[in-house]
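Since the structure comes first, as structure tokens, the remarks are kept for the end.
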Amino acid sequence: MSTTVTSPDDELQADFDALIEAEQRIEPRDWMPEAYRKTLIRQISQHAHSEIIGMQPEANWITRAPSLKRKAILMAKVQDEAGHGLYLYSAAQTLGIARDTMTEQLIEGRARYSSIFNYPTPTWADMGAIGWLVDGAAICNQVPLCRASYGPYGRAMVRICKEESFHQRQGFEILLELANGTPEQKQMAQDAVNRWYWPSLQMFGPPDDESPNSAQSMAWKIKRFSNDELRQRFVGMLVPQFEALGLECPDKDLRWNEETEQWDMGEIDWDEFFDVLKGHGHCNAQRLQHRRQAHEDGAWVREAAAEYARKQSAQLKAVA
Amino acid sequence: MSTTVTSPDDELQADFDALIEAEQRIEPRDWMPEAYRKTLIRQISQHAHSEIIGMQPEANWITRAPSLKRKAILMAKVQDEAGHGLYLYSAAQTLGIARDTMTEQLIEGRARYSSIFNYPTPTWADMGAIGWLVDGAAICNQVPLCRASYGPYGRAMVRICKEESFHQRQGFEILLELANGTPEQKQMAQDAVNRWYWPSLQMFGPPDDESPNSAQSMAWKIKRFSNDELRQRFVGMLVPQFEALGLECPDKDLRWNEETEQWDMGEIDWDEFFDVLKGHGHCNAQRLQHRRQAHEDGAWVREAAAEYARKQSAQLKAVA
Amino acid sequence: SADEAEYALRIGDDSLILAQQLGWWISRAPELEEDLALGNIALDLLGHARNLLHFAGTALGKTEDELAYFRDEHEFRSAWLFEQPNGDFGHTIARGLLTSAFQFELYTQLAESSSPGLAGIAAKSVKEVAYHRDHAVQWTLRLAGGTDESRSRIERALINTWPYLDELFRDDELHERFDAAPRPSALREPVMNVLRQVLAEAELDEPKTSESSGDGRHGHHSTYLGPILAEMQVLARRHPDASW
Amino acid sequence: SADEAEYALRIGDDSLILAQQLGWWISRAPELEEDLALGNIALDLLGHARNLLHFAGTALGKTEDELAYFRDEHEFRSAWLFEQPNGDFGHTIARGLLTSAFQFELYTQLAESSSPGLAGIAAKSVKEVAYHRDHAVQWTLRLAGGTDESRSRIERALINTWPYLDELFRDDELHERFDAAPRPSALREPVMNVLRQVLAEAELDEPKTSESSGDGRHGHHSTYLGPILAEMQVLARRHPDASW
């Protein structure tokens, strides 16, 4: 007769698995497998970096927004993104990584962020296209994350998704106004949509058969749907909205397949995707440079704040 | 019987006086009275500072010049002013003051420069009015300085006057183009002339009876004409040019006096003059701030250049 | 009335121009918390500006956007202090200290105005401006009491901005006619008292600078305003008939 | 021909945008000698730009000013490197090193062009560009060999500008049709050789950065160009019928 020896780790693993299975949340104080922790750190910090870098393409138009109302909405939006970055860095910190470490990784070019933000924003219509398409794709990706198994992440996503859907509606409104405006405005809107459509589809990641990490993330209930499922859902959402806008969808091959009950899409240029990912996008260099510059220019301020806090607490101690 | 004791200083003074009397030039190696040296240092460095500060009101329009030709002319002009500043600092250095000392005096607000540069340049037409009126007045002041008794100063003035008369013609051309342009352009020209006319008359300094230092400067043959004489000459020059431009002279009381054979001018607002002189002009603070900022932002560059030169010469010595 | 509109334009343009400049910081602040804080202040100021321009516009028959985007430089009424550039963070803080101390006192008094329109806007704005002032005061203390570098930077920044205070306290013909707003001269003492308290707490000397005679209230602006407007208005003016 | 004009616009816009940016330095340089030097370079570049735009304009039926002031952003043909901001003095020097190394090689080869118009402009310009390159090289050496701070600043500046080199060496459909200008790809080796020599002498590593895919030659510009044009064109566009 043989005895089953259970190591403490095996027991912890079993508890963890049971929590996951029961759709319970994993909290910072809970034990978790190292791979789970690492995956989450990578994903959450990448997501936080994307919010921070994602401020830039839109910040570019704050000073030139063509009406005061749009200027206010845009400022608030870019500011929200800073807020999202903060929530997400906080969530990542609960997994034992310091914010400074993540910042270093970002400005030294060792961390990823969403490639979509390496595209430029040459016209005002890009503010509409980013809101409608990029935030739209982000929402499709993120709504399921509200149920992510790691508690702090899921809760951050709830707050973020609420604001993102607001942003998406604002983007749509910008485009609607342009599409119903002067011929130049309509052209501006169509051009922007042409530029952002395909990159937004790429935001869901490579096709399922080329996405090696997805299965584990789904097993851990971090991810809930496959890349292709989410992409399908997104395109299905866009089709009637294109109609409402009176703009043309850049995918001329897009059609509903009665048999598979799916959207058959034109071919996505994955070479471009991987090229941008590797750093060859229009703005990769600029995005990092901008962030690095802000960080370096602000060093003396952060040092002053730290030194002041140190002096204040020393003074308090002396008084006590 | 009494002997006349001549001290060595008296002899030197006599030689100096003879040189001045004979319209000869005083050169850096020559003995000169301390008061002469101090007067020159004050005047030349003030003049140099004026060139440097005087770059700012015009530099303000380099990026917005309305044609490429005008942009090129304006860039060249502002650059010339930097060159004038350099000549004049060099002339002052021959009197034993270091350039760094003069720079410090300027950015710390302890040195004077011409008050005229504390007026702002809100429109393109100011580029014309500055050239025509400010450079015009400067030339009237400066042409006699080409014969100043101190050699390096006189020679610097020769080079400067040649360029200034070029600048004045360019200013006149700007105004001529505007005066013959659209109604808005003509109005812009008239407004600018209205703003710069009186301050340009003030550039000659207070009326003769309130100008205590002039007599000594004239005896030393630094100055050749009184403030009022120069002002007369300037106004006489302007009258036909106003006509050629088709612009109105802002001095409604200006008329030729047959008896005195002089121009009778309207009253100059000397209160304003002294107010600006005391630092209360529109732009006094801004002008100094701009200069200080450039100086401080450039400190690391100057240090690098000095350190590099030091290393290079150490290397040369090591090789030798 | 026309005087009411003119007055609203003056204080509205102050906020508009400052909001326009602060917006630049979003994505460039020394830390994310400051991207948020400066963004908040910019948004508040833009809100105040919109209320004031809208209010002025009803008397002038213009929309807030017509006033913001289609006036030329000499038609703006902002004071020079609000047009001063962002500079480094210390300069932005120094400028913010002066502008918020002024606006706090202004809106506090204006909230009692006999003009219900102005009083209403002022009463709403003053709470937000109190936060702006608190932000600037806290940072002034931190920078003055932080490192040698931060202290010398905030000192320099105060020297650079101080000359533009005087313009805010100058009465003119408008105030002879229009008594529904506090006289600028009546704001001098309370504003300067607050500023002197802050300086004392930060152990900083009051800058000994000559005041600038800048006169934005009559359309005579600092050299900074031209390029600010060029950028702010470029798109709207390229499409004069468009709506957005 | 249209191709000749298109080519002239490309290299003319490079110089125009860089001159526009360098003009900012005049009155702001680290020492007076550099106000003069940077001003000279700006003037030279503006001169080259005017020659090239005038040349392009004769084919296109437009004046140099119509081309400079009344084209919209997507009609400009400048490469991203020339649109990069001034930054600090080190950044201006790094950008100048890269642009002048490129232009020197370009004009040297273009001076042999079968187009007499382009060859003439290039032959005149190359002497001035030789001076620009010398200026940038000398300062690169000084900053790299100066203080710790200057060395780290020039290193950073080179990292920031290096990604924009690649765009300068990309052939496209224009070069399939138009053989009176050197192929961009043919300039890569000589330009990179010069740059590597300078880096070696300055004891600096070649930045390991990914190239940007910026594509200004087809009107897809960096985010910097919009505000640059807003300021450059503001006055001319406000008075479209005026002459100056």
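General remarks:
As written, the chain order gives the labels A, B, C and D, with residue 1 at the start of each chain.
Keep this in mind: contacts are C-beta pairs under 8 Å (C-beta built on N, C-alpha and C of every residue); 3 or more make two chains touch, one makes a residue touch a chain.
By chain, with names taken from UniProt: A, B = Phenylacetate-CoA oxygenase, PaaG subunit.
This structure is a prediction, so every number in the text was calculated from the model and none was measured.
Contact with both subunit A and subunit B is made by C, D. Inter-chain centre distance (subunit B to subunit C, centres taken as mean C-alpha positions): 36 Å.
Centre-to-centre spacing of subunit C and subunit D amounts to 39 Å, using the average Cα coordinate of each chain.
Of all residues in subunit A, those that touch two or more other chains are 63-64. Shown for subunit D are the residues in touch with two or more other chains, namely 226-227, 230-231, 234.
In terms of which chains touch, the assembly is arranged in some other way, matching none of the line, ring, star or all-to-all patterns. A list of each chain pair in contact follows: A-C, A-D, B-C, B-D, C-D.
Against subunit B, the residues of subunit C that register as touching in their complex are 73-74, 160, 163-164, 209-215, 220-223, 226-227, 230. Against subunit D, the residues of subunit B that register as touching in their complex are 52, 55-56, 59, 62-72, 75-76, 78-79, 82-83, 85-86, 89, 124, 174, 177-178, 181-182, 184-185, 290, 293-294, 297-308, 311-312. The part of subunit D that touches subunit C in the complex is made up of residues 72, 226-227, 230-231, 234, 237-238. The touching residues of subunit D, when paired with subunit B in their complex, are 16, 20, 23-24, 26-36, 39-40, 42-43, 46-47, 49-50, 53, 64-65, 68-69, 88-90, 141-143, 145-147, 149-150, 153, 231-232, 234-236, 239, 241-244. Listing the residues of subunit B that touch subunit C in their complex gives 57, 60, 63-64, 120-122, 275-276, 278-286, 289.
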